[in-house]
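The structures considered in this document are given below.
Common to both upcoming complexes is chain A, partnered first by chain B, then by chain C.
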Partner chain A sequence: MPKIIIDGQEVACRENIPVLQAALEAGQDIPHYCYHPGLSIVASCRLCLMEMKMPDPRTKELVWVPKLFPSCQTPVKDGMEVRFNTERVRDNVKHVMEYYLLNHPLDCPVCDKAGECYLQDYTESGGPATSRMVEEKYKNPKKDIGPHTLLYQDRCVLCSRCVRFTDEIAGTGELKVINRGSRGEIDVFPGAPLANALQGNVVDLCPVGALLDKGFLFKQRVWLLKHAKSVSPVDSRGQTIWIDHNAEGIHRIRPRFNERVNEWWISDEARFGWKFIYRADRLSQPRTRNGTALAPVAWEALPDLLRSRIEQAAAGDGGARVAAVLSPMLSCEEAWLLAQFIRDLAPQATLVLGHVPVTGQDRCFPKGFKIMAEKCPNRRGIETVLAHFGGPQSTFAEFLGRAVEGQVAAAYVTAGYPEAWVDDRAVTALRKVPFLAVHDLFPSGLDASATVQIPAASWAEREGTFMNCDGLLQAFDRAIPPLEGVKPDGQFLFELAGGEGLFRSHKVRASVAAAVPALGDVFEPRPLPEHAH
Partner chain B sequence: MAFEPVLMRHYRVPNSTSLQVYQQAGGYTGAAKALQMTADELVELVKKANLRGRGGAGFPAGVKWTFLPKDRKVTYLCINADESEPPTFCNRITIETDPHMLLEGILIAGYATRTTVAYIYMRGEFTEQFHILQKALDEAYAAGYFGQNILGSGYNLECYIHRGAGAYVCGEETGLIESLEGKRGWPRIKPPFPAVEGAFRQPTVVNNVETLACLPHILTRGVDWWLSIGTENSKGPKMYCVSGPVNRPGCYEAPLGVSVRELIYGQDFGQGMRGGRKVKAVFPGGLSMGVIRGDIFPRHPEAGQVELARDYDELDCRLDFDDVRRYDLLGLGTAALVVVNEDTDMRDVLRNVARFYSHESCGQCTQCREGTAWMQRIAERIRAGAGRVLDLDLIEEITRNMGMMPGMSICGLPDGAAWPLRTLVQKFRREFEAHIAAQAPDAAAKYIQRINPAAYDLPILQGRAVAPTGGTFYHPEKYAGAAH
Partner chain C sequence: MSWQTLDRKSVPEGHLGPALSAAAQEKIRSFFPRYPTKRAVMLPALHIAQDELGYVSIQAMRDIAGLLEVPPAAVLDVVSFYTHFWTHPKGRKTIVLCRSLTCELLGSQALQTAIEQKLGIRDHETTADGEWSFMTEECLAACDYAPCLQINEKMHKCVRVEELDKLLADPQNDKLAMPRSDLYDRPVQA
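And now, the complex of A and B:
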């Protein structure tokens, strides 16, 4: 591990990283725009210049040289000595900031990026107080460059992060710099908008307010948002995300750095795929069949009802005709509780891995980012739970086959998919089940045959862990309260399984881990320092 | 011994572009000689001759070749025929009148560097020159000077002409390489230097046309002949372009070290100023190297009237790699003189220079992108009769900030932009101040408020700023302690 001296302090850093990264990881806020650890280095913003010791050509002794070096372009070398906290470096920042502000409006009051804008930060900390340019600023156009993205060109600092992202990470190259010099602009080719499957990342990448998300535009000031650590449920890769929310609900989703899964990026599915939470037709109260119609029932009445009906179905054969469908949308803890509940009542009950939605094929991007075809977050987790419980098990298709033959007397079906998932085959098959409890987010074709309908909570309203397609167990926190009238799945299943009080996933996880260590081995991505990207 | 031109010996010789004429003058004997040597011997020879690159920086060509990694498998040679520096046209003359001299130089340099493929990167606007060079290249291929097993030596070299789309920065070696690879002509960050990782990520040498054109003569006439020409550290002949209101503008060959005065007034060269006007200023190295003051200024000023340190005729500046620095020039550059006569308003010169660099800045580095454009706006305003004395300070400060010293940005363009503007403002400050003094008292304020109504509350000063205007980056005395 190389050790370098930054401003007189020895810093141990990772091999082969730039000095800038080492300084950022050591907690220094070094101004930079063009540098991003996930992209190639262009060293064009000239903000991160530093002083460095070099060998004197005559004496070979290490001395401070008058020239400044870009710290993003200089790799760390054991024993090197650099300094940022000097008058010359501060002067450089001040003057480069003056250049940036010649044409950049300081329109923070109306800019979406205010509060997380590097230009605002650097201007405040080291920029000039007034502009000495008396001429009029360029008024560059605002551009609609894609279905989700706007470009406010007048705010652009031409750091080319977005251009490099589309070239290197997405591999689609929609964005380019056009024109030369101070007339340079970011733009798309005519008829080829920014519409790749990762394009939302350019908004996060933009260090200023030039690239904006149409969906978030003018919705919230970022300092009013709270951030919840979460894991995206849109595919089996388990991309780690921040859910930015407040009392009004979720406002946006951003990537959360994860060196093992998605690095700094997320797919557009993960970024924009959360709006199903606010669909108007969400189920919001439990109901039971009263004659032909479903009638509301109190949450308190449900456990007894479910217990008695399942016990009834399990009487005599230990529950061979009872089944529980564990949806891959459930967290590991929830799946565990449900399996425990069913097996307690019916030791011979069949545990079924729920419907696994698959769309298309896995997509792999140039630098390794993947979007999986499997559109559920926790198949591996459910399989792990099933493996622990043993006993009779089946796939969802086999379960439907048994149901259509009338071999299922009682079934507890969990779902929670954002998309419609019930097909005619499932409807026909499950119509034959005398006691059918459906735990789902939305109404479906099963409404007509469900004996009990239990409203589910979305992943943002719950907490727990998902195991991704590579077997990595990742925890997600609750971001927002559940829809009014809905009890989080974990809480309900906790109560069903005989728990008392409040469901806390980490407590359940601790007891689960005693039996299955793999389900307690949560991976926590390395947190990045505030300014390290 | 009288100087005998070699680089321009075929200028005005009929049919000089043909292989036949070139061979009659002893063409390709240098290459034949080179091919009998080893590559290392050839490099040593060029190092011994101290052939300094004619492209602008004056870096020794032989030394540049030694930077190539020893264990390389592929080497590319890029020939810089972009020639976009404003008053420079000597490469064009070489290509137009003696293309085989260049091709022979390519063959020699290619052999010395063990190059397999040479690319002539040619400025897009050179249409006729492209056809001339392509014809010559076809002839050379047919005669066995390119291709496989050249002259039975077992050495193979392919050569292609690549035409650029026309951008100043594509003449910068890494910008050239990017453009050659089919990308936008943006300079690359260094390291890695092209010698290690250049065109197509392989070791690459970039040499200028004139540098390579010197090689056949070093081989045929010998190092001693070469070393007998020029000044102490600047050896050999050089092509000088003279443009502006002189009686005989054009391209002339002379030994390195010829003076500016000689090039303007010499009978073999410019033959004096048109209409007997006086020289006001000269850009002796292309625009980017800076300006010197002409003979309009008293050579022996009365004490107390003018600033002794600066107000003197600088036409004695000798055009070699060293003497130019005494006159606050960045370097010899392309040795292309732009002469400005006494009738010219220096505000026009300032504006034209600023406009050129603002237009040609690639836009990667912030200081260059914004600084050149800012200076252009200031220069436009001064030209429009709305200058402030403050602006002169401001231009000086911007030129310092753009590159506190050469090499602070990805390429040398900001240095090349800053240097002429700074020297213009410093050396002709008195004239700018006189123009400003002759303006209406509120001309600047009115102009600024017209072009930028939002500027009403800014301090629009006509005169020199009484207080510092925001701090200056460049304080030689402030940073003196840090230098080694």
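And now, the complex of A and C:
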């Protein structure tokens, strides 16, 4: 581990990182725009300059060199000495910031980025407070560059992060710097909009308010948002995310750094794939069949009802004709509780791995970002739970096969998919099940034959862990309260399985881990330095 | 000016412009063996397009992007970097006026006003009849004869406003075809 001296303090740093990164990791707030650890280094913004000691050519003695060096482009070397806290460095920031503000419209009051803008921050901390420019500023119209993104050209500082992102990470190269020098602008080719599957990341990357998300535009001031740690359920990779929310609900989803999975990025699916939570047709009331129709029932009545009907179905043969379908949308803890509940009542019950939605093929991007074809977060987790419980098991297709032959007397089916998932085959098969409990988010073809319908909560309304396609276990927190009338799946299953009081996933996890250590081994990504962006 | 929005998602009606001929495309392909990558053929390809069409149309940029296997934005990036390449139709004759220091001191501003009035066009525009285009450029490397301008490839030195009419009528101006260096037209040796 190399040790370098920053402003007189010895700092141990990782190998082969730029001095800027080392300083940021040591907690210093070094202004920077163009440097991003996930992109190539161009050293073009000139904000991160530092002073450095080098050997005097004659005496070989280490002396401070009179010029400034870009710290983002200088790799750390054991024993090197640099400093940021000097008049010369501060002066540089001040003058560079003055240039950046020459043509900037200063429209922070109507800019979405205000509050998380590094033009604001660096002006506040190191730039001049007033402009000396008396000439008129350049004025450019904003550009509609893609289905999700707007470019406010006059706010751009030409750091080229967005350009390097589309070149290097997405590999599509839609964004480029056009024109030259002071007339430089970011642009797309006319008719070739920014539309790749990762494009939303350029909005997070942009250090100023130039690239903005149309869906979030003018919706919220960022300082009114709270951030919940979560894991995206859109595919089996388990991209880690922040859910930005407040009392009005979810407003946006951003990447949460994860060195093992998605690094600094997320797919657009993960970014925009939460709106189903607010669909008007969400189930919000448990119901049971009363004659031909489903009629509302109290949550409190459900456990006894389920228990007695399943016991009834299990009588005589230990439950060989009972089944529980564990959806890969469930967390590990929830799946565990459901399996436990069913096997307690019916030791011979079949545990079924729920429907695994797959769309297209896995996609791999140039630097290794992956979008998986498997559109559920926890198949591996469910499989781990199933492996522990042993006994009769089946795939969802086999389960439907048995149901259609009339071999299933009672089934508890969990789902929770954002997309419609029930096909004719499932409808026909499950119609043959005398006692069918369906635990799902939306109405479906199963409603006609369900004896009990239980409304589910979305992942943002729950907490727990998902195990991703590589076997990495990651925890997600609850961001928002569940839809009115809905009990979070974990809480309901906890009560079903005989638990009392509040369901807390970490407590359940601790007891699960005692039996299956793999289900307690939660991976936490390394936190990003406070002043990195 | 964020209250106005430019739509960049589609090509405005009638802005696509002409495509490259098969011959031009073939000529671009003939440059591939000279360079380590196809992308490196960008500048010759743009010259070929501008020679053929008089400017580099959006469709020509798309064609070049297809040939060089790069995103079309990468072509626009290079085209827009050089003022030499035109992205809208260029007149038969182009006046290039020096806007650098020496010429400015010796009266290029007055020349610019006079030209703009006479032809009714501004910097980087083309007259309606397609005869004249006008643009300013940085130093034309003839400071000792400032103020100076070029009409097509012909240089006019120490230009005075009164002489403008005569200059514009100079039959030598029509001699556009400065031959390209044979680097461009020489067949590639196998």
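Keep this in mind: the second predicted complex is superposed on the first by the 533 of 533 C-alpha atoms of A that agree within 3 Å, B and C clash if a C-alpha of one lies under 4 Å from a C-alpha of the other, contacts with A are read in each partner's own complex, and residues count from 1 in each chain.
Just so we're on the same page, a residue touches a chain if its C-beta (ideal position, glycine included) is under 8 Å from a C-beta of that chain, and two chains touch if they have at least 3 such contacts.
On a predicted model such as this, the values are computed, not experimentally measured, just so you know.
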May I ask you to decide whether A:Ile41 touches chain B, chain C, both, or neither, giving the answer as first, second, both or neither? first
Contacts for A:Asp144 in the overlay, against chain B (first) and chain C (second): which applies, first, second, both or neither? second
Per-residue contact with chain A, leading partner among chain C and chain B: B
So, does A:Pro190 touch the first partner chain B, the second partner chain C, both, or neither? second
Mind working out whether A:Leu211 is in touch with chain B, chain C, both or neither, as first, second, both or neither? neither
Under the stated touch criterion, which partner chain does A:Gln73 make contact with: chain B (first), chain C (second), both, or neither? first
Just chain B (first), just chain C (second), both, or neither: which does A:Arg180 touch? both
So in the superposed three-chain picture, is A:Val297 touching just chain B, just chain C, both, or none of them (first/second/both/neither)? neither
Once the complexes are superposed, what residues of chain A are shared between the chain B interface and the chain C interface? 176-177, 179-180
Counting only contacts in the complex, chain B reaches chain A at residues 167, 184, 189, 358-374, 377-378, 381, 394, 401, 404-405, 407-410, 448, 451-452, 454-455, 458, 460, 469-471, 473, 478-479, 482-484
Would you pull the chain A residues touching chain C in the complex into a rising list? 105, 107, 139-147, 150, 152, 154, 172-180, 187-193
Listed in rising order, chain A residues that touch chain B in their complex are 41-47, 49, 51, 56, 63-68, 70, 73, 87-88, 91-92, 94-96, 98-100, 102-103, 128-130, 132-136, 157-158, 160, 176-177, 179-184
Given the complex, residues on chain C that touch chain A span 1-2, 4-12, 15, 58, 61-62, 65, 70-77, 80-81
